[in-house]
């Protein structure tokens, strides 16, 4: 008997829980050469900005142990070209599309939302909060619950009521639950976590940072334990909110960790760079694992590791591990 | 496409390693200039990114094989250098935009520096099939790093070799000899493969002689399939606008004069979406 | 010609920059069976607490991609037994010893400092700030600049003037520079970073967290890019302060990354679990690398990657990498 | 000590893999009950922790070899199972507190469950050298998981085999037959090696018969050398105080009645430094 893999991102049903991660699937067309995009739970776009962006200088990439650093700098076509060329291509094919947006001010985010609200083919909007707030000396929105909430509230107020707004959070905070709560209170219908923690690599031959931008976002298997922890903490604190678990997923086993911790959707980023079919493989492996463990429905596994056991009483996610 | 190929043979060619891999699907679709990306490190490796390698040769044996030629530079290529016959290798390819071929027979100079020479041989075959004249100019730091000199001599009208240390052919770089090769062969077009510095210099010579040049560039690549946006360089489009384009899908082969070599590693101020436009301060 | 590997932890000279990381070298005696501890730059003890501590239940360990999670819970003998049995053993042998301390209240930290101030053989005191503050609902000191500063000020005021006080920081904060600055302003003579980011792993067979404690500290190569980034940011912001770089170091190459980013001392933790000789090997590899690059003195490499270059002008560590 | 050993032979023994590794330094220092920790995954692996494996045998060949017997359970042991002759293997050992031997000849029952049996053979040799009587009780889930039955039969006065599925020997667990083995052999002491659940049950039987029992425990280990504190279990000391002691250096061999099996995986409230003392709320 097969497993019912359907899941809900807020009130929107997805045929399966495996999506691409923002910024890791190009415009969609690149992956379409490898497989039928309808087989994705959803395609998440790169973060769209108002103006076209050339991004950061190269090198933009450095390999690290079980991970990589990237500093792409939101290179993209800008909202006009996106609405003209990229979104219609996806919409015409009926591909479930979560549009990610990025901005430098609250006004920019809400302007983006305004442009998207009537665009056909927007399954949900994911708000990339890992952008520097130019009105606060470049402090990243996601690192400050107040700033994050302001962005979410402005996007939520503008977006059509039936398009879920997903807040994408960063792990580089003292208290991810506090930021999550601020976003939910501001109207986020779901949370996505984690965006890349900030890392760095030094080129010891050139005696300078490997990336032209200096620092970069860390992704890949190395960060899976951080993603599992963030999902766990937020699901424990705000159990009703749908969570998109992202970070280091390369197998169905990894995806199941995030699901048991509380995610109902799983995003796959860096693994796509290694294996263009990663989403399909992970979805299949996940289904096989669930089946082997006797689950009939994916939904039954969501957050299951929180079920109280004798051992669970010892768990206190706020306390230090030391 | 992604295939799990089997290593057929491994050999050393002077300073290089060569692997022949059974990969029918890749061999079948191959055109000169294509590359593959190879998973390195085996199960549970800590190396998460693939390595891009040009295809040096394809053969019909065993349904189709591809040959890769590479230097053991860092941990990934060192791992590759340790592969043995019958090991499996996970390849994605063929990838990239191949070399465009002239419609009519033309006189073509093929310029290869270091392992870049490897990618020129299937191109030479294709050009010769179209009745083109072929001349090679191959260069490297030292004799053991000049790839394919013998084969070039067998195929081409002329083959000019250069080494930095003078251990083979003329002392100097391949671009030093290029003007005289162009003059001697009355070249109609240049193809070049090698380090960016060589491509820049070759392009300068081609512009001087006012002949078209096709260069295969190299940029650090995380995905090779156009989704990660890490491999970009500034290239001037047909509309005169500079864009940060992906070496893996818009390239690796570009018209040399379109590549802003001086600005590689920067975002030129006049590139589409460069800081200074409305989005300067975002992300 | 050999490289002058001497370095300074504040005003204290160390013969070489490679030390053990807190909590990763037992009592010292275990490693002494493998090599002469005098060959270490210094031995850093586990974090000593007032009372003996039994620590957390098992499983305390989980392997993750290029890393591991631990939840040991500061198991240790308590300050009395430490001063009676562990420190004298090290002191009698003249082994440079940095004593790490951990507490649940500011008062507990200063009580520990008071006990250490006259103990012979204390090269420096490292203050493990990754402990939950029981007076602030278990909020970890290191996640709050104010609380961290209070601890440091109290320890500094009690410790002998000639014993440096090192503040050990966590990466799980929105702004590591702010916490670093608070500690330096409160009197920290040096900073050590990074302690383990909090992570988690789910046992998908048991359908519950792998660690009995739920969450645990992530260590090993996976976190090297986070450590390099923290060291870089803090050295850029407060260039004069000596930094102990810790996190994922397994080779001289890794150590050199931290040094070029601004560390003058390098701590080795998880690598010791794999290779008891790791500190010696890393020190040798580091010296060889420095020599190959033409350095005469380790000190000349410290922070060198900050040297302005054309490319450096593009580096803005506050800005997001995206 | 740490050594880079060379794999001499590999073989399958029913459900198990056996590796013989040339490692003179380890072999020389070996005493029964010792274990080694093995680096797995090769260069640039993502697996950072070593795997603990008991030493099944040492031989004087090539200056000294050690034999390891193991199940391919997860990624690390699966990697080990793929090693071939002449591969190198990075070992640290011998580690741990070995089995204490009786001063005078005694009647010893050696209880082994699953791969735990492997560690008992060098112990049996050492006991026999001291003139002890040896009886084996070996058990496993199924016939292919009962290790060393033939060798046990050759060495021991009696050998009793059990399997959960009845495919070899008596159906049931090794502890089911233990009382009668003890009675039949008039055992003076028991040695046991296997899963914690077996050790717990063996210890209960030994206590019932009031004879000493030495058990070799298994706990998840990150370092194996006593520095990481991850491998602890509650053990009662000579002073009657329960401490969380390290399986890797204070063990893996303990007097069974000292191990608080029921409390493994917890911090007993009366253990030294348990929460409830002054430090409850720290870290």
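In this document, chain identifiers A, B, C and D correspond to the written order of the chains, with residue numbering beginning at 1 in each.
In the analysis below, contacts are C-beta pairs under 8 Å (C-beta built on N, C-alpha and C of every residue); 3 or more make two chains touch, one makes a residue touch a chain.
To keep track of the chains, here are their UniProt names: A, C = Dihydroorotate dehydrogenase; B, D = Dihydroorotate dehydrogenase electron transfer subunit.
The shown structure was predicted, so the numbers you read here are calculated from the model rather than taken from an experiment.
Among the remaining chains, those touching chain A (Dihydroorotate dehydrogenase) as well as chain C (Dihydroorotate dehydrogenase) are B, D.
Chain centres here are means of the Cα atoms, and by that rule the chain farthest away from chain C (Dihydroorotate dehydrogenase) is B. Taking B-C and A-B together, the chain pair joined by more C-beta contacts is A-B. Rounded to a whole number, the gap between the C-alpha centres of chain B and chain D is 56 angstrom. One simple way to say how far apart two chains are is to compare their mean CA positions; for chain A (Dihydroorotate dehydrogenase) and chain D this gives 45 Å. The distance from the centre of chain A (Dihydroorotate dehydrogenase) to the centre of chain B, each centre being the mean of the chain's C-alpha atoms, comes to 35 Å.
Counting partner chains per residue, chain B shows two or more touched chains at residues 46-47, 265, 283.
In chain C (Dihydroorotate dehydrogenase), the residues that reach two or more other chains under the touch definition are 23, 47, 56-57, 65-67, 70, 72-74, 102, 128, 130-132, 138, 212, 220-221, 311, 320, 322. Taken together, the touching pairs cover every possible pairing of the chains. For chain D in complex with chain A (Dihydroorotate dehydrogenase), the residues that touch the partner chain are 46, 265, 283. Taken together, the chain A (Dihydroorotate dehydrogenase) residues at the contact with chain D in this complex read 65-66, 221, 311, 320, 322.
Every residue of chain A (Dihydroorotate dehydrogenase) that touches chain C (Dihydroorotate dehydrogenase) in the complex is listed here, in rising order: 23, 47, 56-57, 64-67, 69-74, 102, 128, 130-132, 137-140, 143-144, 171-175, 195-202, 204, 207-209, 211-218, 220-226, 228-229, 232-233, 248, 253, 256-257, 260-261, 289, 293, 304-305, 307, 309, 311-312, 314-322. By the touch rule above, chain D contacts chain C (Dihydroorotate dehydrogenase) in their complex via residues 1-2, 39, 46-50, 92, 219-233, 243-244, 249, 264-267, 271-275, 277-279, 281-283.
Contact residues of chain B toward chain D in the complex are 41-47, 75, 79.
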